[in-house]
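Here come two complexes built around subunit A, the first alongside subunit B, the second alongside subunit C.
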Partner chain A sequence: MLGEQRRAEHEGALTEPASGRLASPDIRDEFGLETIDMNMGPQHPAMHGLLRLILELDGETVVRCDPVMGYLHRSKEKISENRMYPAVIPITDRIDYMNNIAMEYGYCLAVEKLLDVEIPPRADAIRALMNEFGRIMSHIPSVGFLLLELGAFTPILYAFRERERIQSIFEAVTGARMMFHYIRIGGVKADLPEGMTETMWEYIEGLEKRLQPDFVDLIGGNEIFISRTRGIGKMSQEKAVEMGLTGVPLRCTGVEFDVRKHYPYGWYKNLDFDVITDEAGDVEASYRVRMGEVRQSIRMIKQILENLPEGEVLGDLGRRLRPNEGDGIARIESARGEYAVHVVSDGSDTPYRVHYRTPCTVNMQLLQEIVPGHYLPDIMPIMGLIDPVSGSWDK
Partner chain B sequence: MAVTLPEGDLQTRLARYLDGLNNRHGIEDSSVDGNIVLVWVRPEDVPAVLATARETLGILHLSFITVVDRQGSFELTYEMLDLRGGQVRVKTVVEGEEPVIQTVTDIYPTANWHEREAYDMFGIAFRGHPDLRRLYMWQDHFDHHPLLKSFEISTKRTFEGLR
Partner chain C sequence: MQTVLNLLEVEPIRLLISFGAVLFLVLNLAAVLTMAERKVSGYIQLRYGPNRVGPRGLLQPAADVFKLFTKENVSPGRSDLWVFLGAPIAMFIPAALVWLVVPFAPEAVVADLNVAILFFVAITSIGALGVVMAGYGSRSAFSLLGALRGAAQMISYEVPLILSLLGVVMLTGSLSLVDVVQAQGDTIWTWYFLPQLPMFITFYIAGLAEVKRVPFDLPEGESEIVGGYMIEYSGMTWALIQAAEFASMAVISAVTVTLFVGGWQPPLPFLDLGPFNWVWFGLKTALIMFTFQWIRWSVPRLRMDQLMDLGWKILVPVTLIWLFVTAGAMLVF
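Up next is the complex of A and B:
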């Protein structure tokens, strides 16, 4: 393809170290060149929310990138210390507002570890079902945003068409379109409404048909997309593990790690699925991994809908929960990586301390490491690789 | 350049982790619960224990660092995963109002922002940290560490009337 040839011409420029592309000190002195500092954000349409990057530029090449966070800091951890255990769930909804259901799920699992309660099997299955819908609802728009930031407007419309349809499913099940407050300590709020399994089944089969033409054929083979993303943000496996990456950024380098597979929780023990990995470790690979994961989610949703157990969905734990003293730590695979919640109890009805290990905070350290050496416009695809959410990195 | 992840039976690996840490260091207390190896160490031993975990035992992933303000002392939890089902949890207690502890960024580079967050929220100084700035709060003109129990919030509520 022409795009690949063009990319190959620039390949040398990409593989040589960052310093190789900068003007040498002699030339710099002779012509009086110097680097300039530039602020990117916090009010920038392509910054996935409120992020400020302090960039040092040599021409169009980035020499230093320093992310400044905290523009959406709401101190969720302090607020959580001042509420009773069930009342923290709506707070967790607002951490990662693209994939809320996973945030509730992680917190409820952590508190359930403290309380040592059994979850009804039907509730467990519904949690996994809604969590996988949440993953699709997050992965597809994230690909849309990546393309939007590269200048293609159509894919975001297709992506939001899918998100809207899933939001309608969520609205029917949970009563809300974004901030669900659906997963409760000890189960889920309500059973699936009548006829919902058929609606879900119908939607999933439709999505399976649309995924190939709308998101794979249209995007994956596009020459401009390839020339903007192949080899951009390239990192080795060592780098990825060293930086503590999880989720898609780790798997796109080829490290096979998925919390659902290697630290199984809830209904995922009963499900059969593959961990999608890719060798390249660049932005294009992350796009391929995301699309593969959407297919795996579809596969899992089908398995759950085929064998949905019957019975209760919410056990009676009483209104005022007083867990025993100790630590409750649970981790789940959210759409962005490993999300862990550490709840410390002192025996009272409010948590003594809640710590959210949000995947975006950790994955964003990557910006400091891999952005230097890239051109300024390559920051957008690299943000698409990490796919952070403002609420999630700022807590 | 591929990363080698541990293989083999989970129980054997957990026993190896526990032995490896016990033999090398003066561990205060240790236990195995499910897939978690929990060790309590003195604060000055933390970098050495984590270095053993990463270099000798091959536990590559530092998941998070949690700080708990115990009003007078601070409890730190370092949670590490071997990415194949095993977990090592290192706990330590630092005494004092203005605690100081050695950094682990040279062992796990990902600890950089975890330690910055702990400094921002609790005022814990990490000795040897390359870039110890606040992560979330203002860099200047803000002298507080919000997650300390002594930092009062105006909407503090009690739930006495509820059953």
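Up next is the complex of A and C:
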């Protein structure tokens, strides 16, 4: 529907003179130059899934950029209303398919607030542990994607090597490589398998060694990478706050905001970590922030593994959950920004309403605001700055 | 047998036959290069590359060509059909023609023109025509952007490319590529890449831009304009564009070797292989092509304005300064 509406608006806009937006109207009139309308996506390799950009180009300069969402809309919120509380978890898995575990985590936290139950400490620690693995698993490929969109094909394969190894850890712990369905209401599905802490420890130490040569020295020091990313997608702190950005796009402008730090939930209260910020607010800064966050995640995983509490991992809440009337809200820091879930109960065994506040939907505003004035190839690094996931902005 | 050799004495027939041989070589080279490209990228990217078809995957190019032959040739509904179909040919022929003047060995050159360098310069600049034709004929915003980028890039990189040749021409005093190679001698320190180092580097960079390889593959720009000028091609027309790209990459490497790295000359006199000196030529060309592929899989792409900056603000001044240095040195010594 939105697409249709946008198309109508767009066609209307074509007949109107767009001279207000053009870089040099005098020259344009003198030579009778026109802008090109270009439709990028939804089937486009660099659109992070199914995003459509309606672009107006003056040569290579973007005059206007209208993102059109909705090509991967799967009615997550409506489906959630028709399923029993525990059965919604697999639905949430598919929202942000690069960072699934955080999506489960947010929903379960919201339902637990609704039910007002205590979580066994070991389950809480394992949740945070897996969530941080999930963050690494999302941040490293996102740097790979950024480079892929700049035209370097190799880093994505190095990034996916790390992702595959973490996926193997997830497979051993949860039984699935991608759609985990691991975090449950009241705890986690199962305890860590035998010897898992050693495997995790080994992997994390290996990653710490590989991070500098593979992802910092090879990428961050590359002259072409710097020239393509420095100053691109630059935004001020005020602008970022005004647009309601969260996550890396906000932190790379220098605003220190991290839900884990400022509204701590679960095991994060017991962890010692820094909020990584950068002053520049451009694509290069977002890359540095992501790398810094991976280091912080490694630090947190080490802390969790060092003192992992013993005990149960899943409390007994009965077979059928019937929360009292009311609502529960949970905010968590997913790899892309603040992810919030609002669950409203009417006393039955299915939620009355579930709302997922996904960071990508909000962060995508950047495109409309920041892209005009940049060159066409700069759209790709700006997409890398936001690092959106199709499933996450469409739900 | 004797009659065949006599036929070779007749100039037009000799040219025809040797050009046929060169064309055969170029087409096969393109196939070998696709394989090399995929293997090199595989090893750079922690994977094996093709290894299923034939022994160690060596028949992969044959399978690819077979697949492309059997594919339907789709052309966009509103395309300018003649321009659209002519573009791959207009790209391939210049890439193949340059091989006519490249000396493989002292006697093994199709046409030892006394203006071979001029011929090379003239023919390579035609390559831009094919790109513009492809972009214009497809009638798509993406391919049009690719074609415009291609034209701008190839024309602006033509200037440093030609300027960087001039040093060699000055030192040799001849436009014949055979003369250039012979003037370089059979020791590695007398080859022109040492006295002409800035020119060699400029030629290498401009050559990379000329054949549209990363970091100068803006006309393709697969992440923003998804293949650029070749976005609408399929089947054999696409294969021809690919073959043209690989052939021009090979020819730029071969010309680099001929001009700066001593052509068929062995690096040291005792390594002279006599009639098999073309092996040296082949090895050096392969080395240059390997560096092209190495760069291809290691660095990101530049942006159009940065590309222009590099060409006009750095490469052209460098070549001009070195021309003066060369001229001064020739005057003094």
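Just so it is clear, the second predicted complex is superposed on the first by the 372 of 395 C-alpha atoms of A that agree within 3 Å, B and C clash if a C-alpha of one lies under 4 Å from a C-alpha of the other, contacts with A are read in each partner's own complex, and residues count from 1 in each chain.
Throughout what follows, a residue touches a chain if its C-beta (ideal position, glycine included) is under 8 Å from a C-beta of that chain, and two chains touch if they have at least 3 such contacts.
Since this is a predicted model, take the numbers as computed values, not measurements.
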| item | value |
| --- | --- |
| Partner chain(s) touched by A:Pro372 [first = subunit B, second = subunit C, both, neither] | neither |
| Contacts of A:Pro90 with subunit B and subunit C, given as first, second, both or neither | neither |
| First, second, both or neither for A:Pro42, with subunit B first and subunit C second | neither |
| Superposed model, subunit A: greater residue contact from subunit B or subunit C | B |
| Contacts of A:Gly315 with subunit B and subunit C, given as first, second, both or neither | neither |
| Which of subunit B and subunit C A:Arg357 touches, first, second, both or neither | first |
| Contacts of A:Glu77 with subunit B and subunit C, given as first, second, both or neither | first |
| Subunit A residues touching subunit B - in the complex, by the definition given at the top | 69-70, 73, 75, 77-78, 82-84, 236-238, 241-244, 246, 254-257, 262-263, 319-320, 327, 329, 331, 338, 340, 342, 344, 349-350, 352-353, 355, 357, 361-362, 364-365, 394-395 |
| Touch list for subunit C against partner subunit A, complex | 41, 44-47, 141-142, 144-145, 149, 214-215, 217-218, 221-226, 297-306 |
| Complex interface listing, subunit B residues touching subunit A | 1-3, 5, 35, 60-64, 66, 68-69, 77, 79, 81, 83-85, 87, 89, 108-110, 112-114, 117, 121, 134-138, 146-147, 151, 153, 155-157, 159, 162-163 |
| Residues of subunit A defined as touching subunit C within the complex | 36-39, 44-46, 57, 60, 147-154, 157-158, 161, 222, 224-225, 227-228, 375-380 |
